[in-house]
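In what follows, a single structure is set out as structure tokens and then discussed.
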Amino acid sequence: MIQNIPLSYYLVISTFMFFIGIYGFLTRRNLITMLMSIELILNSVNINFVAFNRYLYPQQLQGHFFMLIVIAVAAAEAAVAIAIIINIYRNFKSIDVENVDEMKY
Amino acid sequence: MNILNLFIIVPVLTVCGIMLTKDLKQSRLVSAIGMGVQLILAFVLVYLYLAERGAGNTATMLFMYDAVWFPSLNIHYALGVDGISVAMIALTGIVVFAGIFASWKMEFLPREFFISLIILATGVYGFFISIDLFTMFLFYELAVIPMYILIGIWGTGPKEYSAMKLTLMLMAGSALLLVGILGIYFFSAPAGSPLTFNIMEISKVHIPIEMQRFLFPFTFVGFGILGALFPFHTWSPDGHASAPTAVSMLHAGVLMKLGGYGAFRVAIFLMPQAAQEQAWIFLILTSISVVYGAFSAIVQTDLKYINAYSSVSHCGLVLFAILMMNQTAMNGAIIQMISHGLMTALFFALIGMIYGRTHTRLINEMGGLMKVIPFLGVVYVIAGLASLGLPGFSGFVAEMTIFVGAFQHVDVFHRVVTIVAASSIVITAVYILRVVGILLFGPIKNPHFLELTDAKWYERISTISLVLAITAIGTAPWWLSNMINYSLAPIVERISAVQVTGLF
Amino acid sequence: MADYTYTLLIPLIPLFVFLLLGLTGHKMKPLVAGLIGSTGLGISAILSYATAFKYFIGSHVAGAGYASIKGFEVSWLHLTDKLTIHLGVLIDPISVMMLVVITTVSLMVHIYSIGYMKGDPGFYRFFSFLSLFSFSMLGLVLATNIFQMYIFWELVGVSSFLLIGYYYEKPSAVAASKKAFIVTRFADLGFLIGILMLSFNTGTFDFQTLTDPHGPAIASAGGAAFMGLSVLTWSLIFIFIGGAGKSAMFPFHIWLPDAMEGPTPVSALIHAATMVVAGVYLVARLFPVYALGAPDALMVVAWVGGFSSIFAAVIACTQTDIKRVLAFSTMSQIGYMMLSLGVSGYGGEEGLGFMASNFHLFTHAMFKALLFLGAGAVIHAVHTNEIGGMGNLRKHLPITHITFLIACVTIAGIPPFSAFFSKDEILVAAFHSNKLLFAIEYIVAGLTAFYMFRLYYGIFWGKNTQYHHTPHESPLVMTIPLMILAFGSVFAGFIPFHALVTSDGLPFESKIDWLIAIPSVLIGVLGIVVATVMYKKENPLPDKVAGTFKHLYKWAYHKFYWDEIYLFVTRKIIYRYISEPIAWFDRHVIDATMNGIAGITQYSAYAIKGLQSGKLQQYGFVFVSGTIILVLIFVYLV
Amino acid sequence: MLNEVMFYLFGAMILTFSVLTVTTRRILRAAVYLLFVLISTAGLYFSLNYNFLAAVQLTVYAGGIVVLIIFSILLTSHLSERAVMAPLKQSIFSALATLAGATLTLMTILRFSFVPNTGVDPQLNITDIGNSMVSYNRDGYALPFEVISVLLLAAMIGAIVVAKKERKLKE
Amino acid sequence: MNFSDILTMRHELMLTIIALVVLIIDLNLHNRDKHFIIPITLSLFFIHTVVGFLPSQPSTLFGGMYHTTALIVLMKNILNVGVLIILLQSVTWLKKEENREKISEYFILLFSTLIGMYFMISSGDFLMFYLGLELATIPIAALAAYNHHQTKSAEAGIKLILSSALSSGILLFGISLIYGATGSIYFDSISQVYANTPMQVLAFIFFFTGMAFKISLVPFHLWTADVYEGAPINVTSYLSVISKGAAAFILIILMFTVFNTIAPVYNHILYMIAVLTMTIGNLFALRQKNMKRFLAFSSIAQAGFILLGILGGNIMGMTAVIYFVLVYIFSNLGAFGVVSAISTVTGKESMDDYDGLYSTNPKVCLLMMLALFSLAGIPPVAGFFGKFFLFASAASAGYYWLVFIAVLNATISLYYYLLVVKAMFINKNEKPLAYFKSDLATRTGLVISALGIFVLGFWSQIYEIINSLSFGVIH
């Protein structure tokens, strides 16, 4: 029932999503939106894992579980990141990434 | 207990001893005792060496000591000396001893000064007694690095700049060297057998010629930088000018000899074919060194610069002679190393003493010093005459051996570079006499100088020990020459065994 | 063969004296130092006379010729398989003759100096240097091999340097000593190269081997190597350059006049009698090689000698400093000797020039030392060197006057004074060889007589000069040496040199060729007469003559501007256009390159600092682009 | 057929909302778009028959993380605030880089011949998943789940340390 | 699970327990008494370190997800020693008023990252590897933002967490492709089938950039300096030695085992990256005035040297890398320890503040000099040996020019290390920092570093042990 759609379609979607995420990371000025771009990236990776698992190696659930772990890690990462962002907000009164450049050169 | 180990242990103990001292008086006493013992050891070594040879021991290296250090890499702490190293060790002993006395009044941070100085000396000793490339390299770098501190803290003038320049250029040299050493190591044994850093072992194998061609320039230039090879000599004038007296003495006196010694012991000995092939390039560079340094010295006005450029010239002659690759020239090279070491140490000692009195090193500001400080004046003249190759002093013996040796090559190229190099004896005379004339002779320019006092006892010890050594070699060169010749024979045999038709 | 080992003492005693005085002299009373020095040399002199006696008469078998004997030899430095430097003592006619000359003159000078240098603060230093010089010079003449000679050659040079610069507080003395050393050093470079070439080609340094007519040196003659001359010729020419430097031959002569800055006894000893003839001795020492192996080189010797002699004679006519006149006279006379060697052949009568040269060397040593010491006595009395500051001194300095006159007559070649004999032999030798050189020498003979008497009249006759202090005769310690030397000047001509000092050691018959001698004497007399007319009384004639030959006079007075040329070469070319640019190049190109590398590193460190902008998104951008570039390179390009 | 439609639908949604997430000027909207992306992804998982994953995606990702993000947006921004957009240069360069990256990556990936699964699709039920999760044999995931607990604990503590307000230091 | 498995996993288990114990004690302590945690934790960790050295058997657990060998144990022990020194050095800082309430958090976060590193090194599959990596990173971000009243600290935190998230995203994408290409996340399976196809190279590059981020290789290093500068000094030293060391360990293991088949490709990559890293790192370090930032760039340059060992690709290479990391830990901690001691006591972190320090605090200066010389690779201190062996291993693979570039870079690095030496010993200062005396713990930490710096080089035994455990690229 999945044969009608080739694996590559999923890969195209995930790859685009991955790079859209990267684009977001590189251009969004708001730290939280940058974090959201990261979530996009992780999500694209998850699609990869799941699609590979489903299409190529359905006997084992390696991609499947990998995806689960990635989600958990993403959550942890998001938690810490958001805590730091809030801290930034307190310190800088802004969460514009452009302002966070006190240290350079 | 192998006597060679003592050459490391005694300085280390001395350093420990100095650490326990409190002030200048104690630390200089400890240093003087330590280095005095070391000097005696050096002479004992010479004696033992000659006795062994006299007893018919024909091994290339004597007093071998070998302890495995890093078994998996076959790195050994391997010691051994032949006549050449023995001679160099004796030189080091004298110069270091004189250096300690030349810094008898080192008021500022004396402990640190003597410790650094002796670490430097340790490096030099270690280098000369090592026959393992790894330990050799280790000691080499160990000897170079205290220079920074010594010049940086106790120097004069633009000391930070000079110290940094000196250190970095020498370290860049050791960068080249390291590549060379590693290359040698990985071709030190036929496939299958364990690699080795031991020079004597490596000399038994034949490093592939392609590798030799690649590695020889690295190794030679690497050592050459320390030996003030043109155009990598510019650390020398600045470094020497800024360094405190004893450091200039040690540096020009013994440290620069590491370059020549290494160039010959490692670069040429282990890679004779490439050496034969590429010698012409370096012969051109070294003959430039010789003349160029001498010409540069003519117009300098700072005593130390004059001597530094003169060192460029003289050390250029060392490398020049080494590259001639025959027994006589190489013998001359080694005598020249020793001779230059003693002379230049003497010069720097005197310059330091004069500077300590007049507070200037510019010859234009001085004059007629012979009248007020006759002892130093006379010794300065002696040093000058020795430097310009007057018979009776070591410089003559060295230069003549070199020129006769270099002249054994029949082709035009070698002849021309020999004559070019020989012409330095005239230029040397010019700058030496210029200095002597302005500095010591003529009327006294500054009435303030009339109050100067002549050399103190420790200064006399420092200078007289060097003068004695210079004249000893100059008047009775045969023992030194024979000692070196004996040890050179196998080396030259190896070098000349490969006949390469080079460019010339 | 007799044992000559003891001759080792002849140089070693002065060495010992040198060390003794040099190390402890400052604690001695001046007179003690002087006595020690003189005694030491006295012993050496006695040993030399004994040696001469033993060699020439005592142990000599009549008619057998004089062999060259190695009295002593040790190996000093092993160089190559073939070449080893030895130190030793070589006894042969010329070395024995030189021993006598050196020790005699040196002893005279020592004694004389006790008076002359009285009150000088560096008294002991002076004597120690004199001893050092004597040691070096004796070592030089006794050398068994060319390298030993070179060693002592250098030592002689340095003793000369030390003695010229004896008054080291006087800038002119310092400059003169420097000049002397450097010019001779430059020539020594030629000597060294010559030695290198010669020794490489022959495989030996040893004089006996080298001069052996069947030895390797002469065998290696022939075959053009470079510019049509053989290697042997070239090496001998180079060696001669060394000799020319030491002997102040043109164009290396410039140091000699300046060297007169030294104390006058030094000028007498070093720059008249002994050291400056070392070049002659060198050529004489290697004479068989020159004569048999490289006649072309010998030709060079002859012409350099001939040219120098007339060149110096012309200059000498115009100088006003009495010591400089003598210096140029020395140069001229040495030119004679060189020429004589140059025109000589080897063996028997052919070797007349060789004998004459040595003969002249011997007589010249006597009369020139006498002249200098006399001049010293004059200077001592009037405290000036300038001829203008003297005059009419014959009454004040009677002994000096007489001895000086004897010397002048001698040098003018008037029989039966010694120089007549030696000069005559030279003229004969030149006559048989090269007529042009012969003609030159005639002219020089006349000039010599002229300028010597110009000097003589200028000092002892001429105008009545007012002196601050009335000049008075020197003490006995100074005049006795004058008398002894005057004796030598008068009678040395009767020594049968042709029986003693010959090119091949075998005596030959020689008699005076009156056809050549008489004109030469006449020319000498002519010179004297002219000088008498011009200078005996104060008159305007000299100025007139000078005015007539204005340009020649000016040129000669300025020594043909050779000093200026040298100054130009050293100051302008070497200093300004070689050394300074090199030093500049070193600082501003080579060093700047090294600093530039450091600078570039620093600069690039600043140039790339924008990379670390502190902007997180830029970091991300670099990160991503880095990854993409890696992909591009390693997936698609490689 | 239905699957295909669902795939294209979800695929289109994912891409559209992804783009919107990174381009919209309103921050809160971006979060909502992100939510849509995540939900669409869950839809994809459904269509792949990985229902458990889809559920986790919805609950943890969409439900947990996005809510967290939205709260933090509310904490740090005003609703009316428009996001400042990056300068044009930055956008262009980033777009170029990402486009290049996407092209290269896609070209590479699509050229790769994945070995398709030839075996029978095993029926995936929740028991297997559960068994795998606690198994400590090959293809068992007990260890990761233990470790992730440490991670979560650490993250929690970390977040607290960073975010908690400090008491005023005693004078 | 049986007892021997517990013994096998003792590093991870013990440390988890310690972390929990710390947490529990902390919860039961009054605010006033929180500083008691410090000695307790220190002693616990000391015991942990010692226990780590007990012999253990190589074994594989969890179906291959976790495996341990003598080499891995050694790596963990090396990290432990480093952490112990850091803990000692952070005591003074922790006792400060502003940190009093967060002491236990510091320890717990630190320990959890260390646990992450253990798992990362011990991992037998990409899942555990990734998990370990994240566990080793995320808490550090929190630690970096530890001083939350300081803007710099917050900035460091956000820069670290966001860029690490980006990098781990890219790394994950790589892993997903690896999974897609090979069908497994287990190392042992992957290494057998990994092939040199474009996509697998691409996957490797993605993966590698993620690792490069951790080790801070140019151009993936840009976060390093800012984070190092902003983070509390002890966190910085942790980041620069432990974090980096662990990443280097796992990188070389993966390179030699999993990606062995594409060694020809990655050697080129490594070559390029190594040159870039050494050069750029050095160039940046040249200009730095802030000591932390300075050490950050120096540690970037040092990372470039590590690649030389990987390039060597043989036993010598791995030995050299591990040995170098060990030496580097001691040297860098020596330097950081001094910076930390000074910074904690006086708050000064600029190089200018070090002017004339020798006149007031000679011992500290000597240690600093030794540490810097060690970093620069000057004999007779250990750094010389470390660098020499790295160069030797690269040379053994024939990379002579790379060695040359590397040694030249070492020379450049010597320049800026000497700048610090110059500041301390040579520069004159009217008012150098006053004499200060650190507390016992800091001093112990410094002494251990100094000992390590001195002894490691001469004591060839250590090198030999590492050598006996190492392996080369598996063919």
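By letter and in written order, the chains are A, B, C, D and E; residue numbering begins at 1 in each of them.
Here, a residue touches a chain if its C-beta (ideal position, glycine included) is under 8 Å from a C-beta of that chain, and two chains touch if they have at least 3 such contacts.
Just so it is clear, the model here is predicted, and its values are computed rather than measured.
Touching subunit C and subunit E together: A, B, D. Within the contact network of the assembly, the step distance from subunit C to subunit D comes to 1.
For chain pairs A-D and B-E, the one joined by more C-beta pairs in contact is A-D. Central chain (C-alpha centroid nearest the global protein C-alpha centroid): B.
For subunit E, the chain with the farthest CA centroid is C. Comparing the CA-atom centres of all chains against that of subunit D, the greatest distance is found for C.
Per-chain Cα centroids separate subunit A from subunit C by 96 Å.
Computed from the mean C-alpha positions, the centre of subunit B lies at a distance of 37 Å from the centre of subunit C. Distance between chain centres (mean CA atoms), subunit A to subunit E: 27 Å. Centre to centre, using the average C-alpha position, subunit A and subunit B are separated by 64 Å. Multi-chain contact residues of subunit C, defined as those touching 2 or more other chains: 609, 612, 614, 616-617, 620-621, 624-625, 627, 631, 635-636.
Residue positions of subunit B touching 2 or more other chains: 168.
Contacts with at least two other chains are made by residues 18, 21-22, 25-27, 34-35, 52, 56-57, 60, 62, 65, 69, 73, 76-77, 80, 83-85, 87, 98, 100-105 of subunit A. Here, these are the chain pairs in contact: A-C, A-D, A-E, B-C, B-E, C-D, C-E, D-E.
Here subunit C touches subunit A in the complex through residues 609, 612-617, 620-621, 624, going by the rule given at the top.
By the touch criterion stated above, subunit C contacts subunit B in their complex at residues 75-80, 83, 85, 147, 150-152, 154-155, 158, 161, 165, 168-171, 174-175, 177-178, 181-182, 185-186, 188-189, 192-193, 196-197, 199-200, 574-575, 578-580, 582-583, 586, 590-591, 593-595, 598. For subunit E in complex with subunit D, the touching residues are 1, 16, 23, 61-66, 97-98, 101-102, 105, 108-109, 112-113, 115-116, 119, 127-128, 131-132, 134-135, 138-139, 141-143, 145-146, 148-149, 157, 177, 180-181, 183, 186, 197-200, 202. For subunit E in complex with subunit B, the touching residues are 316, 319, 373, 378-380, 384, 388-389, 391-392, 395-396, 400, 403-404, 407-408, 410-411, 414-415, 418, 421-422, 425-426, 460, 463-464, 467-468.
Of all residues in subunit A, those touching subunit D in their complex are 1-2, 4-5, 7-13, 15-24, 26-30, 32-33, 35-37, 39-40, 43, 46-47, 50-62, 64-65, 67-69, 71-80, 82-87, 89, 95-96, 98.
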